[in-house]
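Both complexes below contain chain A, partnered by chain B and then by chain C.
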Partner chain A sequence: MAVLTYALRRLAWTIPTLVGALVVIFFLTQAVPGNAALARVGLSVDPETIAAVKASMGLDQPVIVQFWMYVQNILQGDLGHSWKTGNAVTFDLAQRIPATIELALITLVITIPFAVTLGVIAATWAGSWIDKAIQTYALLGMGIPLFWLAMMSIFVFYFLLGWAPPPSGRIGILDIAPPYVTGLYTIDSLLAGNLQLFGSVVWRLMLPVICLTLVSAAPLVVMIYNVMGVQLRSDHIRAATAAGIPRGQVVGRFALKNIMIPVLTMTAHLTRLLLGGAILVETVFAWPGIARYAVESMQVADLAPLQAVVLIITAFTLAVNLIVDIAYFWIDPRVKVAAA
Partner chain B sequence: MTSSEDIGPDGTQPIRPVLEVRGVTKVFRAGGSFGKAHLVTAVKDVSFDIMPGEAFGLIGESGSGKSTLGRLLLRLEQPTDGQIMFEGTDIAQLPQVQLRKLRAGMQMVFQDPFNALNPSMTVRRALAEPLRIQRKLSGKALQTEIDRLISLVGLSPSTQDRLPKEFSGGQRQRICLARALALEPRLIVLDEPTSALDVSVQAQIINLLVDLKQELNLTYIFISHDLSVIGQVCDRIAVMKRGELVEVTSRDQFIAEPATDYARSLRDAVPEIGRPLPSSLAEEAA
Partner chain C sequence: MTILDDSVSVAAPVETPAAAAPSRRKARRKWPLSLVVGIGIIIAWVAITLVVPPLMGRSATDVVYGAKLLAPSMDYPFGTDALGRDILVRVAVGFRYDIMVAMSSVFLATVMGLVLGAIAGTSPEWLDNLIMGVTDVISAFPSFVLALAMAAAFSPSPIILIISIAVVFMPYYARTTRAVIMTEKGKPYADAARAMGFSAPRIVFLHLLPNSVPYIMTLIATDVSGAIMVTAGLSFLGFGVQPPNAEWGLMISEGNSFIISGEWWVSFFPGAAVMSLISAFLLIDLGIRRIQQKF
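Coming up: the complex of A and B.
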């Protein structure tokens, strides 16, 4: 019950945040240099045509009126039109969101256990060669730019070794996309019973996911190493050791639970970072997700898709924060007791 | 030790020390994992014996190595050198598997009762874990034992579903004590068990410790920098300075006339109503 009350109160707070985000998104994209009408029709067109195009796009109206129209449209579920693709932005997004989600979700699911395992191993055997190896990885992972890693991995594993597929999107040129159910090709191909396609999809996910994981996990490993180190040096762990409880249980059952809150917080942070990482990875791997959509729209001053993508990322971030805050209630008995 | 020494004059076994410490040394490596490390000797060639039923006080300034020594005695730190004979077995280099079986006999109570209890474990679970693993208790027997331990340290059995954060410092220290007693130890190392507590609570915990020692026939190693506390509990007092044991005397001897200047300065630093401060401290105060 306490959880529900808290969740509702927390949910109410996201509304003003979203409104603020709308204001920022709209006026920031207004401030982007470039003329949308000019970009659309080209430089060689006479001024009357440009004015007509401007009027048809609503660009001759005062900015505040444009903003009001923008908010009204969003409330009606209309995110505008992309003149570049010629589609409604909602239509384009429906095609592209699953690609990004598939990439980010798989990375997330791999990154968390990967980072927790490395961090806990390094902290448990602090000072050993395995600790040093993990620390070296973490240092490199935080220092190497993602786009460089992505390009190097393509160079080595596709171009030189030929182990990886060409960086040309989610499926091969000869593959046919599975029937749309979830939009996630891994799941849809399995639902269609097409194992060969599933293999192809996983093969193509491999490099982008590995690159994203290696870079995202590095700061997480350092954080887990630190909080786990604090746990292992605390007196309640010494007391458990003094009680003759085996080391594996001391680490796995006594210490691990206490680092779950920072891990959860970091997970939320990571999901936001992944969206940033997705922009780079989608661009390098020609991945047809929303990040690449935003970049391509930006390059031709196609504002509606850009605004929509930023709005979606904002809403997504707010949703993640909401979920994490509520999840604290479930993980941490101290919070539960305080609320009861 | 020859066999003739093991048999007393009347043919009975003489009392063996609970703990025989011989030349225990601990060297820490300080410095980054990749940088050049330098060595710090925290405990240097310490030797002493502790007889059953004794209350052995270990005093010294902060940083003198007394807490490290306390942890070494229970193998919570790995000694760099030396022997630690617990009831006749050298535990200094004993493999973990064999050591775990002996651990029940020697327990520790820590200084900070806030750090010494796992924040996500209820009192019941904190007590149940060692009972389950070491004494193989379960079900009703386990619950009976938990109830007994809780009342032994003067807490109400109704508190056992609570988390550490709901208790005061003194109550937490009682829980820590119950956890230490759960395994029916002969030896308990008390590492400044009262220094994080209010003065009024300190007295309660000291009284409880003295009572439990009588009742359960315990042996204490009492680490403290507070001589007034040590004086209430301990029969013998060892003084540590910079990792070395500089003096071991009886309490009465220590109060009357410590052998070393360092011990004397520690003794005289305890303020007492009606006694003038030593001149060096009085000058600082003026």
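Coming up: the complex of A and C.
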């Protein structure tokens, strides 16, 4: 029951932040003067027409009224119109969201065990060569620009070695997308029983996922390393070691259990990383996801898609934070005591 | 906060500044290797950016006709780009953009954070809530996404770039400063200053605020590295430094279309440059932390 109360309180906390985010997104796009009306009718139209179009779009209203209209539209599920694609933004997004989700989800599933393993190994054998190797990887991983790593991997694995496909999106030019079930091509192609297509889809996911994983795991490795280091120096681990319990068990059974909560925090953190990284990876690999949609729209000053994508990403981030906080409350009794 | 959003403090046993003070001289005797290497890389970059362009006798925008997309050679150690410009010179000059934008934005973020945090920590509750609410909203966005949206909303220029990055990096500084002011303002020395009749701004800025410096110092090196990443990333997407300027992220994007045809050097060298500079600041950060651990 306490969890439910906490969840509701925490949700009530999120709403003002979301409203604030809406204000920011709305006013950022206000900074571009008269864009929406001009974009719709073109530059070579007489002022009267522009004024009429402005009025029809509600752009002659005070800013507050416009903001209220914007919020009302969002609540009704209307995210505006993209003049570049000529579609409703919701329509465009529906087509592109699965591509981003597939990329992010697979990366997330790989990154967490990868980072935990490296962090735990480095902390357990602190000072050894393997620790140094992992530390070096973490430093380089945090220092490398993601888009550059992506480009260099294309050069090496596509141009030089021919192991990877060209950076042209989710499926090959000659492939036909699997029948729509989940929108995730990996799952859909398996459901359709088309193993050849599945292979092609996985092949195309390979480089983007590896690049995203290598970069987003690096800061997590450092975090795990620090948390694990503290754990291994703690009294109960020393006691267990002194009691003669083998090292493998001490690490695996006692220390590992206590780093699960930080790992939970990291999941929230990782989604933020991935969504930022997705913008760059999607651009380099011509991945037809929402991040690339936003960037392409921005480049021609088409602002509705940008507003929508920033809103979705932010709302998603807030939701993940919310879920993680509630899960925290559920798992860790100390949080319950502090909240009570 | 860095672009990597490295702000989740899983294990953050921050020592008090008072405890940190006494043995500073002792620690200075031997600098950690990472600090030395980090500073060394930056000094090397300063030297490169000053020496290379005159040495090669070309500027970053000089176009050599008939020298398009030449592979690295004795004449052009880093090769030339699609317009026939010397990539070595452009990489050397690019350092100036990236370091200037990154350092100015972190400086601006620090100043904004200090001022807002100080105001929040000393003002009535509604204003405090308002300022903290604003920082919460900013932190709600993934930092790269917000910086991108801001940079895209205005016409691209280095100033807009600096402001965008600064706003995104500001919340941590504001929150830290506020927390420090909150704890410090009740201490006896603050009472003493008040009893001596000093003005409120003087007490806040000269007496209370310096206490937040140790906390903020630890973050600056990481943030500069994050700011370099954002600068390069935004320019890569076309919302930062504009052509024909030599900026690393922009140069990498100029090489993007050549990567599948094998002209790797157009984007390889600027990317390696970004990596070396970011790593330098990360190493400095590591070194600073080692020194702090010794206290």
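FYI, the second predicted complex is superposed on the first by the 300 of 340 C-alpha atoms of A that agree within 3 Å, B and C clash if a C-alpha of one lies under 4 Å from a C-alpha of the other, contacts with A are read in each partner's own complex, and residues count from 1 in each chain.
Keep in mind that, in the parts below, a contact is a pair of C-beta atoms (placed from the backbone, for glycine too) under 8 Å apart; a residue touches a chain by one contact, two chains touch by 3 or more.
Owing to the predicted nature of the structure, the values given are computational and were not obtained by experimental measurement.
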Superpose on chain A as described above, then tell me if chain B and chain C fit or clash. fit
Superposed model, chain A: greater residue contact from chain B or chain C: C
Touching partner for A:I15 - first (chain B), second (chain C), both, neither: neither
Quick check for you: in the superposed arrangement, does A:M151 touch first (chain B), second (chain C), both or neither? second
Could you say whether A:V310 touches chain B, chain C, both of them, or neither, answering first, second, both or neither? second
Considering only touches as defined above, state whether A:A286 meets chain B (first), chain C (second), both or neither. neither
Identify the partner contact of A:G143: answer first if only chain B is touched, second if only chain C is, both if each is, neither if none is. second
Thinking of the overlay built on chain A, is A:T265 touched by chain B (first), by chain C (second), by both, or by neither? second
With both complexes superposed on chain A, which partner does A:F254 reach: first (chain B), second (chain C), both or neither? first
After superposition on the shared chain, which partner residues are touched by A:M69: those of chain B (first), chain C (second), both, or neither? neither
Compute the least Cα distance separating chain B from chain C in the superposition and give it as a whole number of Å. 5
Identify the residues of chain A that lie in both the chain B contact region and the chain C contact region. none
Residue set of chain C touching chain A in the complex reads 3-6, 8, 10-11, 133-134, 136-138, 140-146, 148-150, 152-154, 225, 229, 232-233, 236-239, 249, 252-253, 255-256, 259-262, 264, 267-268, 271, 274-276, 278-279, 282-283, 286
Using the touch definition from the top, list the residues of chain B that touch chain A in their complex. 29, 33-34, 71, 74, 76, 96, 99-101, 103-104, 106-108, 110-112, 115-121, 129-130, 133-134, 163, 165-166, 176, 179-180, 182-183
What residues on chain A touch chain C, complex-wise? 16-18, 20-21, 23-25, 28-29, 31-32, 139-140, 142-148, 151-152, 154-155, 158-159, 166-167, 218-219, 223, 226-227, 230, 262, 265-266, 268-269, 272-273, 275-277, 279-280, 283-284, 295, 298-299, 306, 310, 313-314, 317-318
Show which residues of chain A lie in contact with chain B when the two form their complex. 127, 131-132, 135, 234-236, 238-247, 249, 254, 257-258, 332-334, 337
